[in-house]
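As written, the chains take the letters A, B, C, D, E and F, and residue 1 is the first residue of each chain.
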Amino acid sequence: MPVSDAFIVLLVGMLIVMVELALLAAIIIIMSKIVRAMTKQLDKAPAPEAPASPQPAAAAAAQPYAPQALRQEQSLELYNVDEKTAAIIMAVVSDESGIPLGELSFKSIKAID
Amino acid sequence: MPVSDAFIVLLVGMLIVMVELALLAAIIIIMSKIVRAMTKQLDKAPAPEAPASPQPAAAAAAQPYAPQALRQEQSLELYNVDEKTAAIIMAVVSDESGIPLGELSFKSIKAID
Amino acid sequence: MPVSDAFIVLLVGMLIVMVELALLAAIIIIMSKIVRAMTKQLDKAPAPEAPASPQPAAAAAAQPYAPQALRQEQSLELYNVDEKTAAIIMAVVSDESGIPLGELSFKSIKAID
Amino acid sequence: MNFLLTLQEIVLSSGFANLSYKQAIMIVVACVLIYLAIVKGFEPLLLLPIAFGMLLTNLPLSNMMHPELFLKEPVDYNNVLNKGGLFDLFYIGVHKEIFPCLIFLGIGAMTDFGPMLANPSSLLLGAAAQLGVYVAFFIALLLNYVVPGIFTPQQAASIGIIGGADGPTAIFLATNLAPELLGPISVAAYSYMALIPLIQPPIMRLLTTQKEREVKMDQLRTVSQAEKIIFPIVVTIICAMLLPSITPLIGMLMLGNLFRESGVVGRLSDTAQNALINIVTILLGISVGATTNGDTFLNIQTISIVFLGLVAFGFSTAGGVLLGKLMYRVTGGKVNPLIGSAGVSAVPMAARVSQVEGQKANPSNFLLMHAMGPNVAGVIGTACAAGFLLTVFK
Amino acid sequence: MNFLLTLQEIVLSSGFANLSYKQAIMIVVACVLIYLAIVKGFEPLLLLPIAFGMLLTNLPLSNMMHPELFLKEPVDYNNVLNKGGLFDLFYIGVHKEIFPCLIFLGIGAMTDFGPMLANPSSLLLGAAAQLGVYVAFFIALLLNYVVPGIFTPQQAASIGIIGGADGPTAIFLATNLAPELLGPISVAAYSYMALIPLIQPPIMRLLTTQKEREVKMDQLRTVSQAEKIIFPIVVTIICAMLLPSITPLIGMLMLGNLFRESGVVGRLSDTAQNALINIVTILLGISVGATTNGDTFLNIQTISIVFLGLVAFGFSTAGGVLLGKLMYRVTGGKVNPLIGSAGVSAVPMAARVSQVEGQKANPSNFLLMHAMGPNVAGVIGTACAAGFLLTVFK
Amino acid sequence: MNFLLTLQEIVLSSGFANLSYKQAIMIVVACVLIYLAIVKGFEPLLLLPIAFGMLLTNLPLSNMMHPELFLKEPVDYNNVLNKGGLFDLFYIGVHKEIFPCLIFLGIGAMTDFGPMLANPSSLLLGAAAQLGVYVAFFIALLLNYVVPGIFTPQQAASIGIIGGADGPTAIFLATNLAPELLGPISVAAYSYMALIPLIQPPIMRLLTTQKEREVKMDQLRTVSQAEKIIFPIVVTIICAMLLPSITPLIGMLMLGNLFRESGVVGRLSDTAQNALINIVTILLGISVGATTNGDTFLNIQTISIVFLGLVAFGFSTAGGVLLGKLMYRVTGGKVNPLIGSAGVSAVPMAARVSQVEGQKANPSNFLLMHAMGPNVAGVIGTACAAGFLLTVFK
């Protein structure tokens, strides 16, 4: 390959890379503007991880179908149940389901009485 | 394939699946009865995990050779600790360590005072 | 294969294995002496793990470039515990936790009295 | 060599200059599927890799997949290795059924058959919920009267299996009987699985009375570990004996379950459930998606498969519910027919639907564990149905 | 097509109609092995997959393994890929030695050679404990005088290596010299490894005096990290130079150990010890088990292998103990001969046996760390023995 | 058979009797690389497996790798499988580009493109830092005037890509254009990457003024998750359209990133970043290292590659810094040119160098996040450069 050709490869090569990444930069700028314009809708959209594979039933039951924010703050309401019993129930559920307590969320615990 | 043949496939297919799963159901019922009849012996049999691969020597020494029951019943002694606190402690340890409660064994919980 | 040949294979085979492992033993002895002779320099040399792949930037910034000593020496203090008991305790902890002894570090072992 | 000429060559050999309208449509379809997977949470573990494979294979000149290399038997693997792109190499794992079987190994290790063992009649519900498989097969063949030659019996069987709601089984059967339809069949199967909470409830309510839906079921007995250990061995022997063609799939499923229940090979069970199934899912998803290039995907067959898949899911749901109603009668009202619909598997989504519908009818109702029985039985049922169809049509 | 005819065809093509008595026996054998693995804890990590592979391959018409495809050199891999079942594809990894080598990578990453480095004379005990390898080889050849033509020298060598008590090395050698015996050899190797606590103690007590068994050994010196890092490199060079045929096995073992000791590639070491070795163990176990179909397994050879394996383990134990006695003499009673038996490897089970026997003789005795030296040396010793046998017989 | 004769045969067939001086040199080179990887921390994750592969392949008669089997197209894979050693089988994954692509999948899952999205002009710096790729290519071709015929254009292109400081891309391109140079190119690439903290600072200081280096940059805006999710899809489409030949590499990189950012396939992202990339790194490293046997490695080409690699890194650094200076002018002093050097990728080492140099000039300077933009852009830039070279030279 003659030197002149090698030099053309050098020039065209740098040009192509610069053009391609400049194009990407431009697209990113446009995309960002669009996204930020419609951001309020989209931001709420990402769905929680929906595992495709079997998982413990009891735990699964608690999961709603509708997409929701993960790990929201949780206040636990107790009905006719003292704290001790509630703690034991939570520990048992965590144990049975194999889900660490930190990832379980209990909304309320009620005695069936 | 003529419609009649397709229909035969439909019929035979459903039949085979029903028969096969009914057969399994029958075998499960029989098996369950046998197992429950001889359950006291078998329940104690499952051996602990015996790793085939090298592991730390000192640790290994403590493991007994003889098969033994897994997850034996454990009585928990509490000193200066009410049950509620103990339950919470156990749940927290399980949570922090990522070990299901069923696999943790607490021998005693004592208040340091 | 005649019996005589099989016997020669037995003899040569045992010999080769003995010679090879004896050679290794000799080399290990020599190597150990050399290493221990120059140990003060080398011991400080092993570099920290330098991940080849991208990682969170802020975290990365905190890592120094300079190699540093891994696994610094650890002295174990014993209180009211003889060495044998200490060894057993360490073995049991290692066993229970599944962590190889070499990776556990005990700062002190104290009899509760 | 000349500056402008070189530039021109680069431009002419770019994808922009070679994009066909079918490829453009497929790129849009792939983006829609990516959207559904990420934003709507449609079975993303498989749909996201599938959709990305679809995207890459339809980028012009990307040259990563040549499904035609696999369509003539015997396959010339030396040719595949020399001429094939990256995804052709991954696809060998699909074509030789390695990937569906290893996914089943992981699923077996994740599945607790306890609720089914506690209530063996679950198995009948799991069988009844295969109705859609055969009905969709039948209707697919009937379509030949509308569009002559649209589906061969092999293709119809592969489409029918969508009704089993078991991805790996569907891929296994389609690879064996109709590899040319693998793309649309898997996309349809995983999409409809994600739609189960929308598809099933109307059918369940239509076929049951309020009184039936209110039935509270007795608590399940505890199943001993010994039963759980013996079970996978027994199933392997029985199923493989009756329908030998399904041995690889059912064998690996049950080996995974044995890993889980035996309690002595925790590290194998863990790897089967995590590293191994994840690696295989990535490679399978991408390469299955990559089989869908514009020419094979955008046609009347694909549209029909979308329609037939819905039919299959519907009839499977109905089959389970109807047998549930029969059991309700036979047991004098002890069985809630709503658990029948869980027989379509799609573990554990269908069981959750039963739970939700049960609670709507009776807030103190807790059907989930009862529905898990038919749910896991449905996996075995679909494998048997696939085994039957393989025996007849291969 | 006819309803009853179709049913009949299904029944006739089922396994029940095609079961041979040899297959039935093998299914029972597989179930017994599964029982031993799960309930008795016999090396379940490998015996469970092996036994399940044995079960599946003996289910009639399951068609998942064709060991005959690999017996003629050169192997026609295009044919294997086209005609082979699922397990034939897994088996390529065994046949090409990929799996045993990757298992050794993981074992290397799990092994601490520190106790051996602290006491290099351990290596001699590890060498002496290869005695059983050669004695079993010799006796296997002698059996030709009882049953003419029962074992070729290649087969005898592969059987002998059972005495090394190293699964991957046994599989490596058998694959190279006698692939037709791979099944029984690996089943025997792993079964006897599990039986070490029963096999070794009587031999150890027979060959040693109470006084010898009571010997307490000095504490081992600390080994510096630099020594541990240099060691695997040195072993690789020396062993591969002396016996080039064993380079793949010893090289991967030492690379794994270098991953471990270098401290700079923690993530590679971790993967080698977990995900990778587990995946490979599953695939290797199943496909090795699947080589044992009734026709090749149920014969006089298999029975002889069971007998010869026991001989091999016995003589290896004796070899180690006898050299231990010699060291006891030479050192004036500083070496407890009981650590010699640990030279058979089967890490760490044989070392534990030494510990237990030592404590029986002298409750304050703590031999474990001293026994770990010969124990890990035995891995290298067996690899060398395999290298020698390969050099002579391939 | 005779005792002494057998012994003699063993000795004669040992490696000691067959060691060539070139092999001995390579063994020493391998040990030096192992030393650098472990003690000096030179990119140990890849350099350690590469160096060990180099060690093993140069042990005489070890017979584990035959690079010549892959040099003639079409490759006879049946022959590779029959005649090949362990590392030939691993090498198939390199030769067919499976391994570099899977490593890019993992890197994509580990990479946060946020800083680049926050400041799209980073992309231009990432492009400018490819200057060394083309300059080294050019000089490599000029070397033909010194040593006639030393490098073909294909080889020159493969050498140039070292300047991209991206291991998998370099391996991808070299495998395609100049597989015979794969060994020295990858060793040079990973070694220089480790040396970036030594190579870059002098060039950076030479080309910038104190005032420029003192510039503090504005804080980056927060990037929304939606942008991060859309980005990999857009890059895939644009890059693959412009340069179709690079689709496998860029497609897998972006799929990995989509796994990461989508948030719905955490388990796939985790596996791509851990088990999968680690397994592939081990297999790729060993087999790439094993291509370097003495005869192909110890020659004028290798020495030239070492020199050209340094040139490439130097000019890439300069290219980035010079465009940084231009941006400093254009923006009226808002851009610190030191972040330009980070465009060579070698994530995140080059970005740290920018940070360190910036803080030397102005202790309150915190350039790291700004440098991460060009840093990750450099990965895309190098992929584009590789795509261009592939389009022109394949």
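Note that a contact is a pair of C-beta atoms (placed from the backbone, for glycine too) under 8 Å apart; a residue touches a chain by one contact, two chains touch by 3 or more.
None of the values given here were measured: they were computed from a predicted structure.
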Other chains in touch with both chain E and chain F: C, D
Maximum centroid distance from chain A, chain identifier (CA atoms): E
Where chain A and chain C are represented by their mean Cα positions, the distance between them in whole Å: 41
Mean-CA-position distance for chain F and chain C (Å): 33
Chain A and chain E, separation of their C-alpha mean positions in angstrom: 46
Multi-chain contact sites of chain F, meaning residues that touch two or more partners: 6, 10, 38, 41, 44-45, 77-78, 229, 242-243, 262-265, 274-275, 388, 392
Chain B residues counted as touching two or more neighbouring chains: 9, 12, 16, 46-51, 55-58, 60-61, 63
Of chain E, residues touching chain C in the complex: 112, 114, 117, 120-124, 126-128, 130-131, 133-135, 137-138, 141-142, 153, 156, 223-227, 229-231, 234-235, 238-239, 242-243, 262-267, 364, 366, 377, 380-381, 384-385, 388-389, 392
Residues of chain D touching chain E in the complex: 73-78, 92, 96-98, 101, 105, 229, 233, 236-237, 240-245, 247-248, 251-252, 255, 258-259, 262-265, 267-268, 270-272, 274-276, 388, 391-392
Sites on chain E touched by chain D in the complex: 6, 10, 13-16, 19, 27, 31, 34, 37-38, 41, 44-45, 48-49, 52, 55-56, 59-64, 77-78, 81-82, 84-86, 89-90, 274-275, 278-279, 281-282, 286
In the complex with chain F, residue positions of chain A that touch it: 1, 3, 6-7, 9-10, 12-14, 16-18, 20-29, 31-32, 35-36, 39, 42-43, 46-50
Chain F residues touching chain C - in the complex, by the definition given at the top: 1-3, 6-7, 10, 38-46, 106-107, 110-112, 115, 167, 190, 193-194, 197, 277, 347-348, 351-352, 355-356, 368-369, 372, 376
